[in-house]
Amino acid sequence: MKVKGMLVGIVAVAMAASACGGGGGSGNKSKVFTYAITEPEHLIPGNTNDAQGLTVDSALFDTLMTLDPSGKPVMEDAASVDTTDQKVWTIKIKPGLTFHNGEPVTAQSYADAWNATANSANAWGNGYYLGSIEGYADLNPDKGKPKVDKMKGLKVVDPQTLQVTLSQPFSQFPYVLSFIGTAPMPKAAFTDLKAYEQKPIGNGPFMIDGSWEHNKQIKLKKFAGYKGTRPAKSDGVTFKEYAGRDAAYTDLRAGKVDFDNQIPAAKAPEAKRLLGDRLITVPSGTMDFLEFPLYDPAFKNPDLRKAISMAIDRQAIVNAVYNGTFKPMASLLAPIVPGYRANACGEACTYNPQQAKQLFDKAGGYKGTLHLVFSNADATYEQWMTDVANQLKQNLGITDIKFDKVQVSDYLTKLSDHKAAGPYRSNWTMDYPSPEDYLTPRCAKPTRSGYDGAACEALIMKGNAAKTPQEGQQYYQQAEDMVLKDMPITPLWNWQDQLGSSSHVGDIHADPYVYPLVHLDQVTVK
Amino acid sequence: MTEVAEATAQTGAAIEGGAASLWSDAWRDLCRRVTFWVSAVILLFMGVMAAFPSLFTGLGANDGCDVRQAKQRPASWNPFAGGDHPFGTDSHGCDYWAQVVHGTRAPIVVGFLVTAIALTLAIVLGSVSGYYGRLLDAFLSRITDIFFGLPLILGALVILTAFPSHGMMTESLVLGLLWWPTMTRLMRGQVLSVRDADYVQAARMIGASDGRIMLRHILPNAVAPVFVYAMLNVGVVIGYEATLDYLGVGLQYPTVSWGLQLSQAQEIFTDYPYLLIYPAVFLTATVLSFLLLGDAVRDALDPKLR
Amino acid sequence: MVPVLIGTTLLIYLAVFALPGDPIRVLGGDKPMSPAVYQALRHHYHLDDPLIVQYGKYLWGLVRGDFGETLNGQPVGDVLTGGWTVTVQLAVTAWVFELVVGIALGVWAGLRKGGVIDTLVLSGTTLVIAIPGFVLAYSAQLLFGLKLGWFPTAGTDDGWPYSYLLPGILLGSLSLAYIARLTRTSLVENGRSDYVRTAVAKGLSRRRVLVRHTLRNSLIPVVTYLGVDLGNLMAGAIIIEGIFNLPGIGQQIWLAIQVKDGPTVVGISTFLVLIYLLANLVVDFLYGVLDPRIRHD
C-alpha cells in the first residue's frame, strides 16, 4: 500500500464523516414524553427496591391501594380493604381489571406474586415487606431451601376476594398494599421470569413497547384496555437511561429530556435560573443521620453524643453542600410523614457551640483519633463530612480527625457487623409514610448502633396494634422521644428532590408519595 | 533547508563529543536553553511551597474554615490586591489560597514516589532481563507483557476502589506497582544495546563478576534515557493522580491536593469558575515544567539533535 | 497472545474478587435481607466457591463464549454488545482525528523546524499533555456544547458522527499531541539521513523525496504508537463517556467497579485486553508494509 493512497483514504473518510452531521431530530407527532432515569436494577415488582426500577414500575403496575396527596392509603385496584382486629384483612378486588395481555387481575394474581416475592429461593429484594404475613418464616428458613412455596396466611376466597392473615396485629398494613413491590403478576410471568423481566406485563396505565433496552431506554405506550383509576392522558412515556445525574441534567438543560427528578443539589441555583417555574422542589421522605457506635466504649456517654450533635451547624452545611435545598432536621421522621413534629429533638439538635463544648468537657472529652465513617457512593457525603470534621475541630477542639471511607459494597455489612470505627453516616429512604417505618430499624433488635431498644420496640408494637390512627400515633411519638433522648443517632437533614421539566409537557402534578415525584398518567404533551 | 550547515554541525558535535563528557556537554547545552530555566524556576517555587507551606500562608491545612463563609468569590482577579481571601474561599469556607498552597505537597510527593518505585523495579528487572537473556528474559518479558496489556487506569480504579480509605503511601504504592512496564522495556532495550559493547567484553575477559559488570559498566551507560523518561514521568503521574482524585478514588481529607480541589469544583464551576481555575493553573504549570525540563534534558543528552 | 490474555484476565480477576467488598450486600441496598436470600444469591454467583474454582468456572464459561452474568442478572455478553458499538464509534472518531490532524501537524512543524509553526505546535501539544483531561473536557463541554451550542452536550441521539465529534476530539487530543511530536521528531531525524540526502542529490523533486522516502520511514514509530493507543483510547473512554453520557462499555465498567459487579468488570476488561492485543497484531502486519527491511526478512 502506498502512503499517498493511505493519506487520501484517510482524508476521504474524514470528509465523509464530517459531511453527514446533523440528522436525528424529532418529527414524530405522537404525544410521548421522556423521563430521565439511570439503569434500573430490576423490573419484576417483587424484586425491585431501587428508586429507578420503582419509577418504571409505577407506570407499568397498579397496586391494591395507593397514597393520596396527604399520604393516606386509598383504594386503587381494591374495592375495599377491611379488618376488625388489624390481624385478618379481607380485600375485595374491583371486577373487570386486566393485565396488558388481557388476563384478568384476580386475587390469585396477587397471591402468586406475593408467594414468589416472599420465597427466599427466588432471592427477591422485597420479600421482607411481606414479613408480617403468617407463613413468611416458612419461606425464609435460617438454613437451606424452603420446604413450601406458599404462605399459609394468604387465602384466595374467590377470584375477587383475598384474605390475608398476619402473624401479629399490624395497623400499618394498608401502607404495604400501596407499595409498588406488592403489585400483581400475570400467569404468563411465571413460565419464564427472565424473559418477563425484559418485557414486563403489568396492569398499570402504560404498557411496555418493545422490551427493556439496557443502558439506553425503556419505551412505554398507553395501555388502551386500561379500566383502572388513573388512565394515561399521553400516548406514552420513554424512560431515557443516563449514566449519572450530571449527564441527565445536562440534557434537561438542552431540552433533550422532558423530566429529570435527580437534579444535583449543587446545580439547583443554576437550574432555578434556567428553568424558572419549571423547577419544582418536592419534599422527600429520605433522611440523613449521624449514628454513633454505642458498642465502642468511647461513645457510651450520652453527653458526648449530644455534644457532637450540638456542635454541628446543620443549616450552614445544608447551605454550602446542598445549596440550601435540603432541610435541617430535629426529628427522626421526615416532614411528609403524618405524626411528624418539627422540634421533637429540641436543644440536643440545635447548633450551640458553647453549650456543646461544656457538655463535651463534662463528658471527659475525646481521646485519640476520631474516625468519621461513610461510603463512597456519592461525592457529597465526603463534602459534608469534611464540614462536620471542621466544625468538630473548631467547636470541640478535636484535632485528630480522620475519614474512614468505605466501599459501598462493604458499607452496610460493616455497620451491621458493628465494625464502624466512629460516628457514621446513616440514611433512611421511606418505604411508606408511617412513623413505624422510620422507628422500627432504630429500636428492633439487633440495632445497627448497638442501642438497647427493647422499651421503644414495645411502644411500637402497641402502636401497630392500635385501633385508630390517632391512638397509634401517640405510641409512635413516645417511642421517638425515647430514642432522641438516648441519642444513639442524631438527625441531620431531610432530602428535597429537584424536579425539572421541559416546556413540552404540562399538567405536572408533583407528589412526594409517588416514585417519579409526578403523576405520570396525568402528564400531557404539548 | 540548510542541510549543509546542519551536516557540519553534526560532524562537529561528533568530533568533540565523547561518552566521558556526555553529562558535562549536556549541562553546557542546558544552560543555554530558556525552557530549562523557566521550568526549573517554576519547579523550584513549587518545591519550596511543598516543603515549607508556612512561608506562603499563616494558616495550616484545613485551618480556620467556616462553612458559613463558603464560596466567597475573590474580591479581585488580582491576587495581590489584598483582602482577607486573595483566592476567595472554597466550598468548605476555607481560605482558598492557603488550601492551594497546602495542595502542592501531596501531588508532588505522589509523583516522585510512584516514579521512584517504578524506576527501581524497572532498573532491576530491566537489567537482569537484558543482561542474562534467555529463559529469565523470556519469563520477565512475558510478565511485562501481561502488565502492559492491563490498561493502567482500569487497574488503578479496581484496586483503589477496593480500599477507599487509602492514604498517600498506599496510593503511590499501587500506582508504582502498575507503572513499571514501559520503563522496564526501555531499560531492557538499553542494557541489550550496551551488553555486547567492547568495553563490556573487555571487563568480562579480565574476570569481572556479573554484579560488577552490571553496576560499573552497563548501568552508567544504559540508565540516562531511562532517567530522562522518569523525569517526564513525574509530571504525567501528577496529572494522573489528579484524575484519580477527580474520579473519587484518589486522596482524601485531611490530605489537601489540587486534584481534590478540582474534583470538588467540577460540580459548581459554572457559577464559581475560580474554584476550578486556580488549582488547574498550579497543576498545569507543574506538569508542564516537568515535561519541558524532561524535553530539555533529553535534547541536551542527544548529540544527534544538538 | 493466549498466555498474555490468560495472565491479564487472572490479574484482573484476582484484583476484583480477592479484594474486600461484598457485592451481594449492595443488591439489598439499605433494606434488611434475610439470611436465606443472602445465601441463595451467593450461591448463584459462585461466590461461595474458593477463588481458584471461581476463576476456573469463569474461564470455562469464557471458552464457550459465556462472559458470565452481571449482578442484575443480565448476561455480560449483552452488556458488551449493547455498549461496544458506542465505544468503538467514539474510539474510531478519536483515532481518525488524532491520526489525520496529528500527522498533519507533525509534518507541518517538522518541515519548518524552528519556525513559528513548529514552536506553536510544540508548545500547544505540550500544553494539551499538561492539562488534566477532565478539566479540558468539562471546559469544552461548557464552551462548545452549552454556551456556543455547536455540539450536543450529552448522549448519542444525534448519531455518528455528530454526537461523537466533541467527545472524540477530546479523547483523541492527548494522543494527538504525542503523535504530532513523534511525527515531527522522526521527520526531522529522517530528513538528515543518508538516503534522503542521496535522494535529494539524485535530483528528485522535494515532494517525491518527502512522500516516498522521508514520510514513509517517519511513519513507522507513529504506526506503532497508533496501535498501542487503541487500547489506551478504550480505557480513556471511562472518563469521557461519563462526562458526555455515552452509553459505552467505559461507562459500564465504571459503574460496575463502584458496586463491585465482578463479572461485568472482568468481562469488559477481557474484551479491552483482546482489542489491545489484536491492535498489536495489526501493527506488526503494518510494519511489514511500511518497512521493506522487515518484509524481506
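Letters are used for the chains, namely A, B and C, taken in the order the chains are written, and counting of residues starts over at 1 for each.
As a convention for this text, contacts are C-beta pairs under 8 Å (C-beta built on N, C-alpha and C of every residue); 3 or more make two chains touch, one makes a residue touch a chain.
Computed from a predicted structure; not experimentally measured.
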{"item": "Interface with more contacting C-beta pairs, comparing A-C to B-C", "value": "A-C"}
{"item": "Remotest chain, chain B as reference, centres from CA atoms", "value": "A"}
{"item": "Most centrally placed chain - per-chain CA mean versus overall CA mean", "value": "C"}
{"item": "Geometric centre distance via CA averages, chain B-chain A, whole Å", "value": "46"}
{"item": "Chain A and chain C, separation of their C-alpha mean positions in angstrom", "value": "37"}
{"item": "Rounded Å distance, chain B centre to chain C centre (Cα mean)", "value": "22"}
{"item": "Where chain A touches two or more other chains, by residue", "value": "246, 376, 407"}
{"item": "For chain C, residues that touch 2 or more chains besides their own", "value": "20-21, 254, 258, 260"}
{"item": "Contacts with two or more other chains, residues of chain B listed in rising order", "value": "161-163, 270"}
{"item": "In the complex, chain A residues that touch chain B", "value": "246, 264, 266-267, 269-270, 313, 316-317, 319-321, 375-376, 379, 382-383, 385-387, 389-391, 393-394, 401-407"}
{"item": "Residue ranges of chain C touching chain A (in the complex, touch as defined)", "value": "20-23, 25-37, 40-41, 44, 72-74, 78-79, 82-83, 93, 96, 99-100, 141, 145-146, 152-155, 157-162, 165, 211-212, 215-216, 219, 241-245, 247, 251-252, 254-255, 258-260, 289-290"}
{"item": "Parts of chain C lying in touch with chain B, wherever the complex brings them together", "value": "3-5, 7-8, 11-12, 15-16, 19-21, 126-127, 129-135, 138, 142, 188-189, 191-192, 197, 200, 231-232, 234-236, 238-239, 253-254, 257-258, 260, 265, 269, 272-273, 276-277"}
{"item": "Contact set on chain B toward chain A in their complex", "value": "62, 65-68, 70-71, 91-94, 161-165, 248-249, 252-254, 263-264, 267-268, 270-271"}
{"item": "Chain B - residues contacting chain C, complex", "value": "1, 3, 6-7, 10, 142-143, 145-147, 149-155, 157-159, 161-163, 235-236, 239, 242-243, 246-247, 259, 262, 266, 269-270, 276, 280, 283-284, 287-288, 291-292, 295, 304-305"}
